[in-house]
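Listed after this line are the structures, all set down as structure tokens.
Here chain A shows up in two complexes: once beside chain B, once beside chain C.
And then the complex of A and B:
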């Protein structure tokens, strides 16, 4: 009994967020007869892996007090490397994938090394990387989309007998691993501590620089995996893919209660943030809302979700 | 003589702690009135009440004969009472002119009138006697001394009848101090009442018309300068003559655990203002470091711990080799622990639970299994240590920011006890904590000493050092000037030594001919 109570108590802070998600589902189910159906679930599960990978890295980066604006471009780099290696050089996916992920990880590591090493705000460094990596993508692909086809599509399509794709399962596993890293490992604890009070961490005799650089590299690695997810979904390496996705990733983290000031965040809640954004997109599309209205509503929901969370924290404190 | 400001029966209490008790002083127009006192004597509180920064619990003030009750700093400024605090209130990225006129920038429909701005700023600087400062200069590019002058000029531009200066020369060089004194002399001639806080006794003797001495929140005496000499000033600041050996004699209960072996040897550390400091502490010894605020005690500890990198010198641990740390992680590795003065700024994670704060320094060494946190061990260890320290909290998951000061300090200490160290550096360990927590802390010092640990305690509370230490070293103006063994503890001697180093700098400034000439000018 006590165990159950403890479990519920742990769950309590997440209920507000889950409630927002359920309310959205309820609204769309009333507005559209087609929404509350298995096909919608499959469609959403098919859409989310790219953003899910990105928010795992983004959550960690935000927790240490940084930000990564280059995720969309690093995703595109990874996708381009996959396309060029698999099509132009006819490599197999297993040979191309490690290279693609490595390239994106190096991009993230460079972000971290410059930002931490020289004390430059990560906002600026990753803004630079956003441009550089996008430009490099266009150089590598000659600014043309590369069609890969079935050799990569299988990764993004539902497995026979299951409703979900390997990409989705892989993304969920990454969320769980990310959350375990954050809450159960020494490094995860350090991340939260660094974001809370970096000077106190230093004065406790802990070197934080290598860890912080590694976190940026992990964010880059996540971009590499997101690149795989997106390329397999589209069957194509598109140099103009995922433009502006960094804002969706940050929005998902913030909806999930991650602080932009650092020190607070939770990978699972960020994933719920991804679901909220995706349910909104899919739902609005089904209801037949115009693109313009879709943007407005998405913006409103982001702000309202964060507002509800802020008010809830304030009430629970007083 | 015309009284500019008079205060009667001023008292300030926080809870049941009285920091200022029934103080009455008259400040005369055209006089410079020095306030003297050791750390925590109540000088700053008195000045903050006069300048509207805090309100008195009891007492009255009158300004130029009328009732004076400032509700805020703005109120006080409007009445002609200006304060220049130790920390400068200038905006470094704006120009001198913009800073001088910040409260009332000349504008038309919100558009700055630049020519008027610089013309009026020029006027203020010329009147004050700073013709060589360009009003277009960005304040951040000026030296600290010049910045202080600009701040004083800004205060005077606001129609000063009373000017309060809190240790204005602390950051100034000799020649800058001279320049300031010239200005003060001129202002005195213009009929401004100047209230002047300083730890430099020579300076006080040279400049002031009257001196008031505060001790433990009470006014000891107000005397015209003619009746005063240096020995009298020190005697008034020290509580010994009244205390009848009550507080200054070593407590009978003190037991020394000092061993023969040297636990920490500090050799010739220089770092910023810290100037070639060397001392040895033996194992089981509790060494206190006394000195005035700003004498370099915190800076010394930070240099030893590697929080700041020392310019020269090194430290030696028992059986170790000479090292100069460049990062606290090296010091911690070598067996150091440092409980910082400002626990909120650089000691604790306020928005994290007690458990996470307690285990922080020992996470990698004690609670890690291949990187995974051993959560049960972590919780049990925190639970045990807080039970023994009697930390008052709802649970170990309570956020540290919601604890009282004393309990926060216990968490800061628990962090290092959990990690375990050979040398413990405590910087103002009992600041802002209650008597019970303090007692617990003193027991802990003794317990650590008994275990043969080496302990250094920096404190501004002399009684604390008398009660807990085997020996007390005194720092003054960045140097370690002397060291007293327990049998020789004396408040008089330590105060005298604390002020001693301040003089050496000042004598050079005052003996300079230029200063004498400047004063002689009409």
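And then the complex of A and C:
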């Protein structure tokens, strides 16, 4: 009984968000005859892994008070490396993948090292990396889309018998690991402390710099995995992949209640933010509303979701 | 100076340790002076930001400028500026390479400056490029406009400055051209006819009568023409278009939109994509819906990645509008007009370039 109460208490803060998600699902189910069905669920589950990986890294970066604008470009560069190694050099996926993820992790690590090491706002450092990595992607791919085909698509396609792809399961596992890191490890608690009051952390004699740099590198690593997810979903390495996805990732985190000022965030809630964005995209496409309305509705839902969450927090406090 | 005030007596290293995270730190424990100073820091940070952005833009531009000038001769040769859309797009990068190869062969006849913009929506940068090229004194501009209306006034200024302008790829809007009182020759393929040919081939080889269309960015002339071509072919064959949505020419967008279309309308037997990137996105959507082999897909542009998909039977057909030669056709038209100094009005006429249907048969014949 106590355990159940404890569980419900833990669940309570997420209810506002889950409600937004359910309302969206309900609306689209009434507007479209074919929304509330398995094929839609599969299609959504198939599309979320890219953004999910990015959001795990982004949540951690936002929590320590940073921001990472380079995620879309790092995703593209890892996808490009994967494509070129697998097609032009005929490497196997198992040989190419570690290199691709490493490249993105190094990009993230450089972001962290420069921004933390020299005290430069991560906004500007990662903005620079956004351009550098996109340029590198064009160099690596020669600005051409690289078609890889069945050697990679198994990772992004639903497993026979199961409804979800290996990419989806891997993404969910990453969300769980990210949340455990944040709540159950001393490093995770330090992250929240750094985001809340870096000065106090420093005064308590904790060396925060290496941890912060590691968080940026983790964000880079997530971009590498997102690159794998996207490349396998499309069977193609696309040099123009994920342009502007950083804004979707930040939106998902903020919908999930992550503070842009640092110190507050939750990976699972960010994942619900991803689901809200994806349900919205899929639903609007199924209903077939015009492009202009799609953009307006998406914007409104993002603001309303954050608003509902803010109001709920205020009510529960008073 | 300011940073020294903020850190106070502490050694410099302390600042670097707390580093950038300190920007978000709440000021409860800090004296008032510091928070006052902090607002000044933000101004400084802002200046740094602006400077960095400017630096990025400058480096971005210079890196995308590829000048192929031969320096052994004087300035008598005409200078032609080729202004492209995004050079990240394979279609335009092959076009630029074709033009550079052509210039290398005819280096005694003209000099070439190739410029592109960062992505296809960066219209304002393209307008700036036109002005920069006019200022640098080029004799002719060959342009693939990112927008069929916005570019017209800038091109009018170029023409008034005595520069020959040739329009390739995306046709400038006829009404605006008239309002601005200028004539610009268009050199390019008939997208409507190309899309019609692709649609006709699908109709002749169809597995069903219900189709969906993935459109390009709706404001672009090519997207409208290709849509019209597809629609005409479907109407002629009595096939029904159950859904038609834009996927912004993008692979990942197309994947999302096509997946939704397939769940909403399971009866779809074919998807017509207005370019090959979107066709690639549709292949993946069909595959993940478990309907590989049942839903036919056609594209447009004949990019490298689509050829393998055609050979594997995942894509039925695409259209090749010889993108690599398009800029060359434009440059030749410009040179002709430059050489024809007596009566420039007479040479202002459109040139239609060929569009070919590409299928597994044509590929195996190569």
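The working rule: the second predicted complex is superposed on the first by the 318 of 318 C-alpha atoms of A that agree within 3 Å, B and C clash if a C-alpha of one lies under 4 Å from a C-alpha of the other, contacts with A are read in each partner's own complex, and residues count from 1 in each chain.
Note that in this section contacts are C-beta pairs under 8 Å (C-beta built on N, C-alpha and C of every residue); 3 or more make two chains touch, one makes a residue touch a chain.
Just so it is clear, the model here is predicted, and its values are computed rather than measured.
By the touch criterion stated above, A:286 is placed in contact with chain C alone, chain B being left untouched.
Of the two partner chains placed around the shared chain by superposition, chain B and chain C are both touched by A:199. Counted by residues of chain A touched, the larger count belongs to C, out of chain B and chain C.
In the superposition on chain A, contact of A:297 is made with neither chain B nor chain C. Of the two partner chains, chain C is the only one touched by A:143; chain B is not. In the superposition on chain A, A:189 contacts chain B only, with no contact to chain C.
In the superposition on chain A, A:238 contacts chain C only, with no contact to chain B. When the two complexes are overlaid on their common chain A, residue A:268 makes contact with neither chain B nor chain C.
By the touch criterion defined above, A:99 lies against neither chain B nor chain C after alignment on the C-alpha atoms of chain A.
Once chain A of one complex is fitted onto chain A of the other, the partner contacts of A:43 are limited to chain C, with no touch recorded for chain B. Put simply, chain A uses residues 196-197, 199-200, 202, 207, 263 to touch chain B in one complex and chain C in the other. The part of chain B that touches chain A in the complex is made up of residues 305, 307, 327-329, 331-333, 338, 340, 345-352, 356, 360-361, 363-364, 367-368, 371-373, 375, 415, 419.
By the touch criterion stated above, chain A contacts chain B in their complex at residues 184-187, 189-190, 192-193, 196-197, 199-207, 263-264. By the touch rule above, chain C contacts chain A in their complex via residues 14-26, 28-30, 45, 48-49, 52-53, 56, 60, 63, 86-90, 93, 119, 218, 243, 245-246, 250-252, 255-257, 259-266, 277, 280-281, 283-285, 287-290, 303-306, 308-309, 312. Chain A contributes residues 32-35, 37, 39-40, 42-43, 46-47, 64-66, 115-124, 127-128, 131, 134-135, 138, 142-147, 149, 153, 156-158, 165, 194-200, 202, 207-209, 212, 230, 233-236, 238-243, 261-263, 281-283, 285-286, 288, 291 to its touches with chain C in the complex.
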